[in-house]
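Across the two complexes that follow, chain A remains constant while its partner is chain B and subsequently chain C.
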Partner chain A sequence: MGKAQREISISEFFAKNRHLLGFDNKQKALLTTIKEAVDNSLDACEEAGILPDLVVEIHQLEQDDRFRVVVQDNGPGIVRAQIPNIFGKLLYGSKFHSRRQSRGQQGIGISAAGLYGQMTTGKGPHIISKTIRGKAHHFAIQMDSTKNKPLITKDDELAEWHLKQGTRFEIEIEASYKRGLRSVDDYIKQTAVSNPHASVTYLAPGMEEARLYERASDVVPERGEEIKPHPYGVELGELMKMLRNTNSRWLSGFLQEEFCRVGPKVAKTIIAAAGLTERSYPSRIAREEADSLYRAIQAAKISAPPTTCLSPIGEERILDGLQKETDADFYAIATRPPSVYRGNPFQIEVGIAWAKPGNDLLDVDTSGRITKKKKKKNTADTENLLGNADEAVRVLRFANRVPLLSQQSSCGFTKAVINTAWKNYGLSQSRGAMPVGSAVILIHMASVWVPFTSEAKEAIAPYNEILKEVKLALQEAGRKLGQHIRKGKRVAQEFEKRSYIESYLPHVGIGLQEILGITDVQREDVVETLRDSMETKRKI
Partner chain B sequence: MAAKKTTKKVTVPKKKKPRLRKSGPAKDENKGDLKQVALESIVEVATSVYSTASAGDLPTITMPQRNLGNVTYSKETGYFELGDNFKTRTLDVNSVKTFAQSLRLMSLAQDMVGDDDFATKREAYYVSKNWGAAKFNEQRESDTVLDDMEGMFSLKGVTRETLRFVPEEHGGSVVGALTVIDRDPETLEPIRSDCAAMGSGAYTVPSSVDHLGFETTAEFVLAIETGGMFQRLNHHRYWRTANCILVEMGGVPTRATRRFVRRLSEDLKLPVYAFVDCDPYGICNIYRTLKVGSGASAHINAKFCVPNATYLGVTPQDIEDFGLQDATHPLLPVDIKRAKDALKNDPFFQAHPKWKKALKHMLKLGVRAEQQAFAKWGLNFVIEEYLPVKMKQIKQFLP
Partner chain C sequence: MGKAQREISISEFFAKNRHLLGFDNKQKALLTTIKEAVDNSLDACEEAGILPDLVVEIHQLEQDDRFRVVVQDNGPGIVRAQIPNIFGKLLYGSKFHSRRQSRGQQGIGISAAGLYGQMTTGKGPHIISKTIRGKAHHFAIQMDSTKNKPLITKDDELAEWHLKQGTRFEIEIEASYKRGLRSVDDYIKQTAVSNPHASVTYLAPGMEEARLYERASDVVPERGEEIKPHPYGVELGELMKMLRNTNSRWLSGFLQEEFCRVGPKVAKTIIAAAGLTERSYPSRIAREEADSLYRAIQAAKISAPPTTCLSPIGEERILDGLQKETDADFYAIATRPPSVYRGNPFQIEVGIAWAKPGNDLLDVDTSGRITKKKKKKNTADTENLLGNADEAVRVLRFANRVPLLSQQSSCGFTKAVINTAWKNYGLSQSRGAMPVGSAVILIHMASVWVPFTSEAKEAIAPYNEILKEVKLALQEAGRKLGQHIRKGKRVAQEFEKRSYIESYLPHVGIGLQEILGITDVQREDVVETLRDSMETKRKI
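Let's turn to the complex of A and B:
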């Protein structure tokens, strides 16, 4: 028995459980690979304050289910020594330990994509990266999944590269490319909506030429500050680990150093409540009294964590993104103030794009005249994000600017949408169902730690605090939408009345002309005067 | 009083030299030529609309309110009169269609008066079909606009017939010692119709009667509700024996019939007696409309009712006097409601205690009797007994 027991490497584990990381089938594998690479690229650009220029390419190879995927950015590049670890070692990364808002969290994604490629095609990833001062390096990596270590199969220094800085990730994988909902196309489009500061050049099989999602905003989103953990958000096991590893000699110092929002006074209260002394050794407490300390922390009154660590998309940029990628008649944006779940600060933003059913738009000018305009037809290349008026509203879910494509029904955002009473806001909705209408609802959660329901990062866990904030934001945007729809109905009714006047007024003129024998010019004059007096007396 | 069962010989009125009465076409003493008045009124309304609109204001059209709340019963004139309530229709989104249609119908009237043509209400409706968006979708709509128009012009004594919109239906049938002098519409030659020379048929009242002239030797007019009774009296030449004119109303009399009888009453100075069923419909609708006009069209009553008419029968008292109790039908709930409503709300019945008494009498009996009920005593009982007896009690006729 004992002989059979041995350590399992993490890469072995994931090789067997790849569905946990979003590689359950060929189609999803393609999406996850691209998604992980794009997330990393956007994070890297943002960290360096660079406006991202991304290139995403999918090339169909000779075999039907073989594809070559390329993701390239103009980010700061990676120093030579780090490249093999970042791309060839699972759970290696800069983000897991930091309390800072970023797309990636775990340090699993991109190396898992490499592992997946290696398992399905036998070929590992190729990486070219160049920092602004260094030379471009070309690496080819194989992974040792037993030891979770990268094997470098190629390490060339390139004399020249076409970018002055940036990273290019290239891999051959077994995959399947399809269009439609939850496709790579969909992901790229939604990424363009939530990242209006990025430009994305996208090439997929079947396209004659690459499609450019242009940049709509020249402002790089501000980076959220890194914060220390908030006491409420730390679990017992983690607390014990922190107690063991701390450099502080005293318990009081430990609490103040390692956590945010803990000053001498709060520390004193916690320690007293736990029945400990301020000068206790943290490492001793880790062994014996961590449990009472944990409970004292949970019971203590501690102010909410700072929210400077959050980087919301911002109302203007949500509007930019939605306008860029949807052909709607009305947009409503709502931003909630930051809030906290389990000690993690987060902020909810919501945007609604709504298109009036039918093909005509009514326009009221300053003088109160209403004119009918033909709607400009959406010439966009991908399918419109807006559905038909009799279809359920589409919900675009984003966590830290990353689109969430799968598992919509188990996502907390979806629950919040269903629990909002959309009838009040002019959309129809059956009980317990999504609202219906030609509209898109965008929901973004910015947080230092997004509570996904699984490592594949596809759905938000329905914490009450989060549901409540999403609902409040939806209601706020919904109210604006409702006002607009009601006003639209008023304008439509008014237009109908005016066309009614328009169709009968000439007959008043004809009647007068026949009875009084006035001239055609007199008739037209009197009809025109009447029209003016009738319309100016009708204010909207 | 016991009923007389035995058939007595026909009572022949005393022979005296019949007096000849004559009348030309109807005249309006105050307004002169109505045709001219009509034309002027049309231009007046249009000019007002045109000048108001040209000045940048919203034109209005004013007309009397035609609802029952604006109706009073005048004992002096003897008919329902319009009160002083007016409604003003301002040109706005709700009225623009009616406004346009009114003007176009006025233009049509102007043409018809000028060309001496006419349009039935149905034809007027079809004329509008050439107006594009302003056309009427149903005749109900054009009828309403015409009624409003008539109300507006009634202030000047101009009727719908003067504007040359004539009713679809013609008037009732007429027989008796009456000669109607009409004219050929093309040659304008006079045409004389002797209503005593109609054989078993009858002269039919045309839809417009103001241009007719009359000559008569008759002494009274008997207005009869049903065609059946009219045929019986005509067949047995009652009009000759009684020296009268028989007019068949056929239910509630049409405008033309009312106007025709009115002219016989007014221009020939003939008394008019009504002979209708003894039920709330016969009294409260047929007779009341003949006598004082209808509340719903009070604007035309000045010309379309017969204030001098009196009620010969059948009265509730007749049911008892002529032993008709077992030839009656019980009053239906709708009858009772109609009678009670008349007692409570109708200014005409309220003004006449005799009528109140009679209606209460009928309600007490709880039955109604038709004109034909006399057939119980023999088909011609009505000619041989009932009418002669009644004609001896003219002073006791209900007002």
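Let's turn to the complex of A and C:
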């Protein structure tokens, strides 16, 4: 049975399984292409400490299902020699091997978009890139999918370019452009929310002119530091590989140099527990000894990894974003302390926006007075994200500031929302279902490595450690929401009681007038006094 | 920004993203390891026309979370030179490039299991394999994950082996063994249902002796034929690649030789519509011409691909399987004619097993008599798959005879079940939810290429063509179920009416006896006559 056995190139594999990369259908292909390019642009700007000015354009071509997509940034640019591999080779990049928070992490996305273009239109991507010191280069690239290698079809140096530095990615793809939920419009809007430091100029078919999402902050988010692996996250096989490849001469040095959070004392404890000696040669440690070392590491007490590597969005910006996009009556934000899964630090942030059922109900103004609530209008441009009170709440999911639009039902975040007891917090919920109410829940995970359920990076794998943290954050925000809703109910009940009594007050006045023979003015005085005394009593 | 850019090996990628391959957690890792090995064994036997005798063993080792897994088959064996690559290299195999129905298709699964073992226990797989003519070889393999290449750590020829041909795969992994839904037990049971020609000896922790699933059929399923790609399924980029690589000298020959269902006449029509000539050299066709050719192909009338490549389970065997595993009152099976998505032929089969709500209700026996239904017992060994009448129905999903146990909510099959209007067929169902009732729905897809949502092959990607076929099959089976349920309801109503009248008949008899002065025997005669005449009338 040896015949016909052969190697499969990763590009052939993904071309055949392109739905794994987010190219399931024409509409999603458009979104994925733009998403991958924008992720890279934002990462590049952040790495270089540049405030991003992005241009995203979608141009419909003559044929109905063909589009030209442009994504341009003012980032640091890419050195000439790297351009073909970055855009024409799957599994190539700088982020996979670094433990640092970034949007891209696989080295697949942008070259997959190029491959998709090539498969559907026969045309590969065009890239223009300029570093601050270099000339601008214009590349056209095709991918040899049998070998997973770039074929350069154009390689020009441009005499001049309109940007002093930056990268422009342009490609023709088979696609379909639609508005609404999970559209590119939606993605751009959510990206602006989670990246308030970016300015995005967006042009899509049907728009008379480009739409500008202006930056709301002039501060580039601090770039998370790169960290070494944490001992708890390493597996036996990886440990063995590290022992073989280390430059450290002694076991004690190996532990301290290759891992974070291991000092001389911890190293000593681990080595003693494993029954080894500190001066063992790492490369000579046998499987059984490595196994003991592994178990000793798992049993040792080691502090959690440093969290300077994480760059959360921040409570204030989450609140800003929610306020900008929803017309809610109440907002609650919760931030968890950083935590760890498989040795990777991560941090969860949650925001809830909630509106009272029915916009014409009562409201409490800032001075505590009960008023009729004015119905707010949705502006044409910003569709209100809040659904009706009898609809499932909408969940906005973000990973390292990237909005996740697809695969909601298989996402760990969704699972955590479903597993939270929302009835305790004033929302209705059937067993095993999403809570119901006019609310939006925003969840963000910042991590040096986000475990996605597929290469398309659309949903978070439901690791227990992550589910737990999301749930705790939801509960914290949920408690605040519950308090607010209960208070609102009390106020509403109180108001009902008062209005009931108040409707009798004039009749009491008339009765008193008849009995006591007082004037109309006196009667009104009496009624007013009664009302005031009731008001005073209520406040107590 | 050129620094630190580098290639990522596919094994490093999957080691870090091992949840993509089904190794999310210890329990699933055990299932996936066994599943991949069993898939390969069954494929190998089928290819060689051998009735499979499989042995599957799970042995708990000293440490709580370490297990030794053995999967052995009596298949044709693997030639010596291929063993290291098949078990020690990701993306290597014979099935990816062939358009033929098989369980495996990616060349990832079994080597990923080896990699997982190596990562978690430091030990790679052991393989013993013997072809009918050759000697048995014993290999131990480690994977160099930086290079995605096998490292052979043992390579022995065995003087003798107990099988005249076959393959034995053995590995130590970190795992956890549990019973119940989505367990290995469940997988083995469902595999026996969908592969009645296989005999499986299964030993798991806690069993006193191995459990034998005997074969229920002595016929090896006919092996589906290998087919050429269908023109409708090819994309522009692939077409261009085929034009470059073909051995055909002329365009007309190219179309006829490289595709199925293209004869001289169809080729002529396509070429004319594309504005090309039949004697064009395929390798000289430019992108624009290829684009015209592509559009002409899409517009041409071409018959559906041959379906001799498909090997469905068959209605009889689906019924057998459902009867064996469920204690139902009614079974409905539906088979769709073969269809096509992206040029790949596929076929959908569906079976429904249904039990009346409450086991103590009325039943109709074969002669049409209404009887009290006896409550059947679940045997200890075969847990009844039917849930209670107020639970969501259980869906058994199969692709090319392989049971799919995880990721139900993101599976296209589930989507099709939810989108079917089950109220029409007598089951209750909330909007957007699974139907509710004491029922099991089995769905099988046979195809030369099953589009899974991830490399772990746990769920079907929701391609529209597939959803449509599944829905049509569900509707067909559903109509039969609906008829049965409605008939049951009529019978029950009839029975109620009759029992109501019957309870009065004795009193009528007594009345007549008093009026007419007849004897007790005559009275009983009269009552019997009345009952008979009612029975006759009911039948009319």
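Please note the rule applied: the second predicted complex is superposed on the first by the 446 of 540 C-alpha atoms of A that agree within 3 Å, B and C clash if a C-alpha of one lies under 4 Å from a C-alpha of the other, contacts with A are read in each partner's own complex, and residues count from 1 in each chain.
What we mean here is this: contacts are C-beta pairs under 8 Å (C-beta built on N, C-alpha and C of every residue); 3 or more make two chains touch, one makes a residue touch a chain.
These numbers come from a predicted model, not from an experiment.
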item: Chain B versus chain C as contact partner of A:Tyr504, first or second or both or neither; value: first
item: Chain touching more of chain A, residue-wise (chain B, chain C); value: C
item: Which of chain B and chain C A:Ile50 touches, first, second, both or neither; value: neither
item: Chain B versus chain C as contact partner of A:Ala492, first or second or both or neither; value: neither
item: First (chain B), second (chain C), both or neither touched by A:Leu516; value: first
item: First (chain B), second (chain C), both or neither touched by A:Val70; value: neither
item: First (chain B), second (chain C), both or neither touched by A:Ala389; value: neither
item: Partner chain(s) touched by A:Val220 [first = chain B, second = chain C, both, neither]; value: neither
item: Touching both chain C and chain B, counted on chain A across the two superposed complexes; value: none
item: Residues of chain A that touch chain B when the two form their complex; value: 497-498, 500-501, 503-505, 507-508, 510-512, 514-516, 518, 525-526, 529-530, 532-534, 537-538
item: Touching residues (chain side chain B, partner chain A) in the complex; value: 42-43, 46-47, 49-50, 53-54, 56-59, 91-93, 96-97, 99-104, 106-107, 110, 131-134
item: Complex interface listing, chain C residues touching chain A; value: 1-10, 12-13, 15-17, 19-20, 24, 44, 47-48, 76-79, 81-82, 85-86, 89, 91-94, 96-98, 106-107, 118-123, 131, 145, 235-238, 240-241, 287, 290-291, 407, 409-410, 449, 451-455, 461, 463
